[in-house]
Structures are given as C-alpha cells and as structure tokens.
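What follows is a pair of complexes built around chain A, which joins chain B in one and chain C in the other.
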Partner chain A sequence: MEIVKPFCQYLAAMTLAPLLPGIVNRVKAFFAGRRGQPVLQLYFDLYKLLNKTPVYSRTATWVFRAGPVAGVSALVMALLLLPFAGRPSFLSFEGDFIFLIYLLGLARFATVLAALDTGSAFEGMGASREMQFAVFAEPAFFLGLAALVRVSGQTSLAGIFGALTPETWRQAAPVLALLTASFFIVLLAENSRVPADDPNTHLELTMIHEVMVLDHSGPDLAYILYGAALKLWLFAALIACMVLPRHSGSWAADAGLFLLVMAGVAAAVGIVESVMARLRLTKVPYMLITAFAFSALALIFQMGR
Partner chain B sequence: MRTDPLSAFNFPASDMEPALFFETAASRLAAGGRTLAYFALPEGGGFRLVMAIGFDREGRVEVYSSRVSGPFRALTPSFPQLHLFEREIYEQSGLKPEGHPWLKPIRFNTPGAVPGVADYFTVHGSQVHEVAVGPVHAGVIEPGHFRFQCHGERVFHLEIMLGYQHRGVEKRLSSGPDARAIHYAETLAGDTTAGHAWAYCGALEALCGVNVPPRAQVLRGIMLELERLANHTGDLGALAGDVAYLPTASFCGRLRGDFLNMTALICGNRFGRNMFRPGGVNFDLDPALVKELKLRLAAAFRDVERAAALLWDTGSVADRFEGTGVVSKEAAEGLGLVGPAARASGVGLDTRRNFPYGPYEGFTMSVSGSGDVYSRAYVRWLEIQKSAELAAAWLEALPQGPLAADCGELRPDSGAVSLVEGWRGQICHFALTGADGRLRHYKVADPSFHNWQGLAMALRGAEISDFPLCNKSFNLSYCGRDL
Partner chain C sequence: MHTFAELMIVLIILLDMALAVTGSLSSCIRLVAAQGVVAGLLPLLAAGGATHTRALVFAAVIITLKGVVFPWLLLRARDRSGARKDVEPLISYPASILLCLGAFIASSWLGSRLPLPESGVAWTVPASLATIFTGFLLITTRSKAITQVLGYLVIENGIYIFGLALFVEQPMLVELAILLDVFVAVFVMGIAIFHISREFDHIDTAELSELNDWRRGEYGK
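So, the complex of A and B:
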C-alpha cells in the first residue's frame, strides 16, 4: 500500500502537469479580454507532435537528437522525488534535494548541448543566455532548499515537506515567506516566463529558452514541451507544499487542496505576465540576485533562531 | 532653381554645368538643405543628375540638374544623407560616384544580380560573432536581411540589406499618366495608401495647374489622419507586445481595427484604397455618415487614451523603453531622417508644418527629444492626439462644394515636387514631363528610404536583444524602400 499511493500520486503529477500552462494561458487571455485557447491545449499539441516525423538538420549529430530525451528523462526522474500534497514521495533518500538540483542541471545541460550542436547563431545565443542566468538562479534555489533543510531538520524532500506544518508557519513565518518569494522568482526565470523571458514571442533575438529549441520538431518538440510542463509543475509543487503545509489526515482532502493551490500558483504566474512588461535582458540577473538574497536572508534568519 | 512644393516649374531652367552643380549642391546642403530626391534621369543616350533639396525652415524647395557622362563626384563623404541616393544612381545608371565609401547594390534589379548576394561589412577578431537574420522571418512580415557584428550581446554594427521587394513601381508610374497609375501609387507601401495616393495626385495636380476644391482637401486630410491614427495606434500596441506588456498590446490591436473600419465606412476599403483621384476624391460624406464617424472617432480615441495611459504609467514598460536604441539629433539630421523617428530625436521637421499643403495651414507639430524607443513611442501618442483633434474638427466643419476638379493636360517640359507627411514621415514624389506632355520620369522617396539607416545607427553599441524593439519603434516599410 505504501508503494501504491505514492506511485498513484506520481502518475497524477505526470498526467496533470500539462494542465498548468493551460491555466496560465487562460488567465492571460482573461486579462487581455480574449477567450483564449482550451485549457487542455497542451495535451492536444503533445498528441499532434508525437504523431509527426521529426526533421533533422544534416549538420546536427546525435547530441542534438539526445537532448530532448535526456532533458525529459531528467525531469521525469526529478518528479519521482517530489512530494505530493506533503505526502511521501515515490523515491526518497537522505540528501535527495541535492540530487534534484543536479537532475535539473542535467536537463539544462542536455538542452544547451543540443542547442549548441545545431551551430545556429540564434541557438548559441540562447544557450549562452540560459547558462548565464542559471548561474544566478541555481544558487538562489539551492540556498532556499538549504534553508528549508534547516527549518525542518530533514534532508530529503519528502522529509522536509512532511515536517512542515501550520505550526512551522507560526514559528518561522518570515523564513517561509522569504523562501516562497524566492522560489516564485526562480519559478518565473526557470520556466521562461515574463519578466525573465517571453514564452509567446516570435522574436528570436530576444528569446532565452525558446530560441534553444527552435530546431526541434515532432516528438522531440513534444518531449521538450512536456519537460517544460513538468518543470513548471515541480516548482509550483514546491511552492504549494510550502504555503499549504496541511495534513488533515484525509488523503483526498489534502490532494484536492493541493491541486487547488497549484492552480492558484499557475494563476499567479498568469497575473504577473498580464500586468508587467518583461525585463531588459541585462536586468534579469538583478531579479535573480534578489531571489538569492531572499534565500540567503531566510537561511540567516533560520540559523539565528 | 527655386520652386515651391506642389507647383510646377520649368525643368530645363534647372540645368547647370557639372562642376557648378556639385558645388551648388554641396553648399546648399551645408546651408541646411535636406535631399528630397537625387536621381539619374535618362536623356538622349546619357544621363542627367537631378537633385531636389528641401529647406525645412523656409519651406522652400530647390531643384538642380546637370548632364554627366561618366564617373561623378560623390557627396556622401560630406553628406551621409546622400549615401543611399548615390548607390541608387550607380545601380540604375552605372554612373559611378567617385569616393563613395560603400557602393553596394540596393535593389539588385540589374541583370545577373541576386538579392542579398553582395559583400558585407565584417568585423574581425576571435570573440566577434556574426548573427544573420532573415530574409525569411518568424513573423508574417516583409523580407529583409539583417547582419549583426556582435561581441557577446553587444552589437558593433548592423548592416541592413533589402531589395527583395522590388517591383518596378517607378518604371510603371513613369509611363503615365494612365488609369492604373493611381493604384500603383496606393500600393507603393500598402499601409501608406492615403499618403502615397495624395503625393501622386499632388504631383499631377501641380503639373496640370489645377486647384483641388476645399471639400476634397478636407476629405483627403481625414483619410490621411485616419491612416496615421490606425498605424500609430497599431505601433503602440506592437511596441507593448514586444516588451510582453499584454494590456496595451491587446487593446491597441483592436483599436487599430476600429480606425481602419472608419476608413472603410468612407471609401469601402479598410486601407483607404480608391478614395483619391487626381483633382479630388471619389467618395463624399453625407450628414448621417459624418455623425457616425464623429461618434466612432470619439469612442476609439477615448479607448486609445486609456490604453496609452496604461503604457506610460507602467514602470516596467518605461524601464524597457527609456534609453533603448538612442539616435542622437546630430545623427538624425546627418542621415536626413524624417517623420516620427526624426521628431523623436528632436528634429523639427513635419511636412504639415514646414511645407503646409491642403488643409494643414497653421499646423503645429509634436516633438519629443531623447531619441530613444520611449521618445519614438511618445511622439506617436502626441501625434495620435493631434490627428484625432484635426479629424474631429474637420468632421465638425466640412466645407461645401464639389468633390473634384477636372485635370486637363499636363504642362510639357515641367517638373513638380509633391511632399506629403505620411504616417511614417515625409513622402516625396518627383514627376517630370517630356515635350509631349506625358510623364517622362517619376521618382518616389518613401520615408523608409531615409530612415532604415537610422535603425542601423540605433543599434550601435546596443544589446542585440533590443533589436526587435528598436525595429518596431521605427516600423519601416520594406516595399516602400524597395519600390
């Protein structure tokens, strides 16, 4: 039984992840006075792309073909570690949060290598930007998780979020609030959302993430889009587990509430995208340094408590 | 030789000795003149160079011409505004401007030339990389090739290579006037229908010596200002879209359509086709339509006001616009920039004020000074207010009278320079008649012809990621430049 439930949660996460971009898009459409695309659009897109034949450049090597598969595999793996509604995850061990960070790093590495393999000036530019901003985003995320380890006294993700209770919020509200803010900024940057990037633009020269995947097509593009949805789910789930450390005891109630908060996080992303312009590319690092500062402050507060 | 815009002059009187021609041209340009047109006119197996110079402060036009047989003296080194004109002369006539620094084809319309195949400016060094964009773009836009020499994200130099859109419009217009000519003029640059149609009609009317009735003048003004409103509103939305600012992008996309629909109410076409004809206009407004237009104009303007207010009040937008893609006043004047792009750099040039025509007596222009994307956006907003005010006033007090006057025969051996302030800037049409009273040559200078180099200058030392935003802030026409 202890295996079956986490596995069901894992499957639920894998299935529901493409719903989040749909919610973001609907919120943006609402603000723009449009009806917007169906919430399930990404599922349709994935189905369509999986049935297509990919096109490969004659100058690209196996690195280019391996990129999307490696990227999505790393994220599928990362999701195994992720607790669902504060419940134990499918896979858990001491210090697995470091493993999670490395899995995300691996996914990024695979995408960047595939981009560089095309030899296109655009993709090289995108790869360079992606790595430049990762230098700022990863420490913020790492330090944030380290602070959570201090708060909960646990070193596995399942342990950390299992140990968070409403009581923790009463005791360490500033720490958790700072971490929520930090994780939200990292979420925006890591998932190429406004204000760090613009997922809707067609202007290659301004893109970060999108420009790296311009040459992928068919199932490869489906893996990339699915991987992006999983990544959004992952960051949103970390935030949801943090702001709603609820253990009502009822599995169904916990899961329902968790999903509601997930939708809320997606809506927040949509609202941010609707009310502000994206940052000048040179200013994105400042935003990520802010996230880093939030995480560092949280860690300092926690250690001084 | 002095003349006025929109009045015919005796062309042979502009003749000069070659040496005197270049001396005069250089001294007139140094004295504050701006080249309106400079081209090689085929004449008796050889060529005649013709230059029209505008004096913005005095509102005066001067035309000089001279027969040349071989290579001639390039004025570009002293007057960069001539660089594209001289390249054009070289491409079309084979006469070589001696001393021109960058003598490349501009339209690739000579036998054997392939668009885009030419030498490009390069920067050498181990860390310099080249980014080539186009001619096929990600959006549904016109083709053009852009080459960036970059160091990391910084742009050293941008070279813009166009010519893919060349259709031979000038040649078509040169064989007129005929019934099709007005339609070629209307589609010279599809989004500037009213501007080019008016310039074409203006040139013919000057050559016929006909006066356009006041009612037709005002109706033309309404068409031109609606065109400006539609395009400026669309541009504000597109600028917002480029920085991912959703609200203004969405609103302005719709509002542009509202202005286009008003144009369609007048003449049946959203882009204003078929409204202009030499001598006047084709469609009238009845009182019911005037009332409807007034209501729609007021409603649309109110909405644009709100959408624009959102844009100016949002800090993240201002942060993105300010200081991006700066073109200094010196550069703008040196390159002979026109239109909102020039006024955003503080250059006081608006054809409606400097060379008043038709219903624009007493027009005051809008200038915004810092030369960045913010200025180019803000100047558009100032002009939207002005245009809405003008159009509303005209609708309020439409002069009575006929819609058109009859154009007779064209004056033989004459020339006319027609200047109109299209929404992108000054449009210049230069028409010349032969001894038979038919058009002998027709020259068009779209504002984009002057302004593309301004975009290249805006990118000097800028971030390559700012290119799309800078490009949108100029929003130039490819086919208007390629003709």
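So, the complex of A and C:
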C-alpha cells in the first residue's frame, strides 16, 4: 500500500502535466477574447509528433539526438522526487532537493549541448541566453529551497512539504510569502513564460528557449515539448505544495484540492502573460535578481528567527 | 497580530529595495508615501489588539501627513521645478539590490548586538537600520535635489520604526516634535528646490558643483 499511492501520484503527474500549458493557453485566449485551442491540444501535438519521422541534419552528431532524450529523462526522474499534495513522493532521501536542482541543470545542459551541436548561429544564441538566465535563476531557486529547509527542518522534498502545516504559515508567513513570490518568478523564467520569454513568438532574435529547439523534429520535438510540460508541472507543484499546507485525512480530498491549486497557478501564469508585456532582454536578469533578493531575504529572516 | 506586523516589516524592506532601484520620480514619491503609511500602521499592529484612542489618533495624523501631505508637497515641488525627467540611479540595478541586501544583513548583525529591550515584533531594528541606509543610498546615488528630500524622508521613516523597537507607543510629544521638524524641512526644501530651479533651470546637483561663468550661456537657454 505504501508503494501504490506514491506510484499512482507519480503516474497522475506524468499524465496530467500536458494539461497545464493547455490551461495557460485557454486563459490567454479568454483575455484576448478568443476561444483558443482545446485544453488537450498538447496531447494531440505529442501524438502527432510521435508518429512522425525525425529529420536530422548531416552536420549533427549523436549529441543532437541524445539531447532531447536526456533532457526528458532527467525531468521524468526529477518528478519522482516531487511530493504530490504534501504526500510522500515515490523517491525520497535526505538532501534530495540538491539532486532535484542538479537534474534540472542536467536537462538544461543536454538541451544546450544539442542546440550547440547543430552549428546554427541562432541556436548558439539561444543556448547562450538560456545559460545566462540560468546563472541568475538557479541561485534564486537554490536559496529558496535552502530557506524552506530552514523553515521545516527537513532536508528531503517530501519531508519539507510534509512538515508544512497551516501552523507554519501562521508563524512564518513572511518567509513563505517571499518564497512563493520568488518561486513564481523563477517559474516564469525557467519555463520561458512571458516577462522573460514569449512562447508564442517565432522570431529567432528575441526567443530564448524556442530558438534552441528549432532543428528538432518528430519524436525529438515531442520529448522536448513533454519535458517543458513536466518542468512547468514541477515548479507549479512546488508552489502549490507551499501555498496549500493542508493535510486533511482523506487522500482524495487532498489530491483534488492540489489539482485545483495547480490549475490556479497555471491560470495565474496565463493572467501574467495577458496583462504584461515581455521585458527587454537586458532587463530579464534584473527580474531574476529580484527573485534572488526575495529568496535571500526569506533565508535571512528564517536564520534570525 | 504579530505575523501581520512582521509582514509589514517585510513590506518595508521590499519598499526599501524598490526605492533603491526605481528610476521614475513620481513612483519614488509614491513609494516613500507608501512606506510612511506602512510605518504608521506598524504600532497599531505591534500593540496587538488593545489600542488606545490616543494611539489611533496619532497613527491617523502620521498617515495623513506621510501619505497625503508630503506626497502632495513633493509632487507640487516637482511640477514647479519642472523636474519631470527620470532620476536614474547612478549605480546599476543589481548593485543597488545587492547593497540593500548587504545593508539588511549588516543591520541584522548590528541589531543582534545592540542592547535593546525585547520588543514583540521580530526584525524591527534591522528593518529600521536598513531603511536608514536606504535613505543615505537615495541621497548619494541620485542627482536631483528632490530625491535628497526623499532620502531624508526615508531616513525619518527608519528612525520612526527604530523608535518602535524601544517603545511600542512612543511619547507623543517627542514624535510630534520630529514630525513637525520633518514637515518644516519638506516645506523649506520644496521652496528651496523651487528657487534653485528658477535660478538655474534645473535641479541636477551634479551640475550645481560647477558654477563657471563660461557655461552660463548654456543655462540661459
């Protein structure tokens, strides 16, 4: 029984992840006065892409083919560590939050290597931007998780979010509020959402993430899209676990509420995308430095408590 | 109630950071006003439930003065001096943020060393010292005369919050005297800025340091 429920949660996360981009798109369409794509659009896209034959450039090597697979497997692995509605995750050990950060780094590294391997000037540009913003996003994320470790006194993700209760919010509300804001900014930047990057633009000069995957096709592109959905799920789940520290007895109620909050986070991303313009490329690090400042403040606050 | 007070403290520190990086004069004025209002609310929250009428009246006076009168005076001074242009800080965004963070870390260290009576709300002293530092930062890194007034106001906010650490309710007379001083200062500086700008056509302090005759023609335009 102890293994069945975490596994079910893991499967649920894996299958529901492509829903989030659908929700974001529907919210954006609502704000623009359109009907928008179906919520399940990403599933259709993934199905279509998986049935296609990939095309490879003659100059690309095995690194190009390995990139998407390595990226998506790192994220599939990372999802194993992720608690679902504050319940124990499938895989959990002391200090696994550092493992999570390195898995995310590995996924990014694989994507960047594959982009550089194509030899295209555009992809190199995207790769360089991706790494540049990661330099600012990762410290913010890392410090934020460190502050969470201090708040809960646990060093595994499942432990951290298991120990968060409404009582914690009552005592450490400023810290948790700062961390929520910081993680949301990191979510926007890491998933190339609007203030950092526009997922809809297909102009190579302004894109960050999209420009790196221009040359991938067929199943490779499907892996990349699925990996992006998993990453969005991962960050949204961290935020949802943080703002929803309620552990009622029933598993179904917890899971239902958790999924509702996940949809809420996706809707918030959609609202941010609808009401905000993209930041100038040189201003994106400023936004991430702000997130870093939030995380650092939260950590200082927690340390002096 | 104390959680609310701590949230307010966090808000004050965030406002410090926003002040350190913001480039537009009117948003600077609004941020200072917002900080004054938050600082004015703090004693009510820190007292925890039982508030006297005196404290309420006093908070109301502070909030009106800092949230309505000062911004109005400053915005008027801005319009009259024609200083509608932005006040980009002389140091970059990351440097300002890091300076603020460093100031907060240093002041929390300092706050832990100061022999102060135990107040109910955590982080009052570090927040106040960081606010005072931000005031100095504002004075030194902006070149418009009006931001120096703003920096002065931010320092006053910091001193006010620092007073909270000593007494939950401050002696009315002392605080009223400080308020009166600040009021007069803002008033006088507003007039001074107006005169400076009428004399020199601008209130850029960097330009004020060189009063050479040969640049006179440039100013006369």
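Note that in this section the second predicted complex is superposed on the first by the 305 of 305 C-alpha atoms of A that agree within 3 Å, B and C clash if a C-alpha of one lies under 4 Å from a C-alpha of the other, contacts with A are read in each partner's own complex, and residues count from 1 in each chain.
Going forward, a residue touches a chain if its C-beta (ideal position, glycine included) is under 8 Å from a C-beta of that chain, and two chains touch if they have at least 3 such contacts.
This one's a predicted model, so the numbers in the text were calculated from it and none came from an experiment.
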Tell me the contact category for A:Pro88 with respect to chain B and chain C: first, second, both or neither. neither
By the touch definition at the top of the document, which applies to A:Gly71: first (chain B), second (chain C), both, or neither? neither
Identify the partner contact of A:Ala173: answer first if only chain B is touched, second if only chain C is, both if each is, neither if none is. second
So, A:Lys28: does it touch chain B (first), chain C (second), both, or neither? first
Touching residues on chain C, where the partner in the complex is chain A: 3, 6-7, 9-10, 13-14, 17, 21, 93-94, 97, 100-101, 104-105, 108, 112, 122-123, 126
Residues of chain B touching chain A in the complex: 129-133, 138-139, 152-153, 240, 242-247, 249-251, 314, 316-317, 319-320, 324, 463-469
Using the touch definition up top, name the residues of chain A that touch chain B in the complex. 28, 31-34, 121-122, 124-125, 128, 194-195, 198, 200-206, 273-283
Touching residues of chain A toward chain C in the complex: what are they? 170-171, 173-174, 177-178, 285-286, 289-290, 292-293, 296-297, 300-301, 304-305
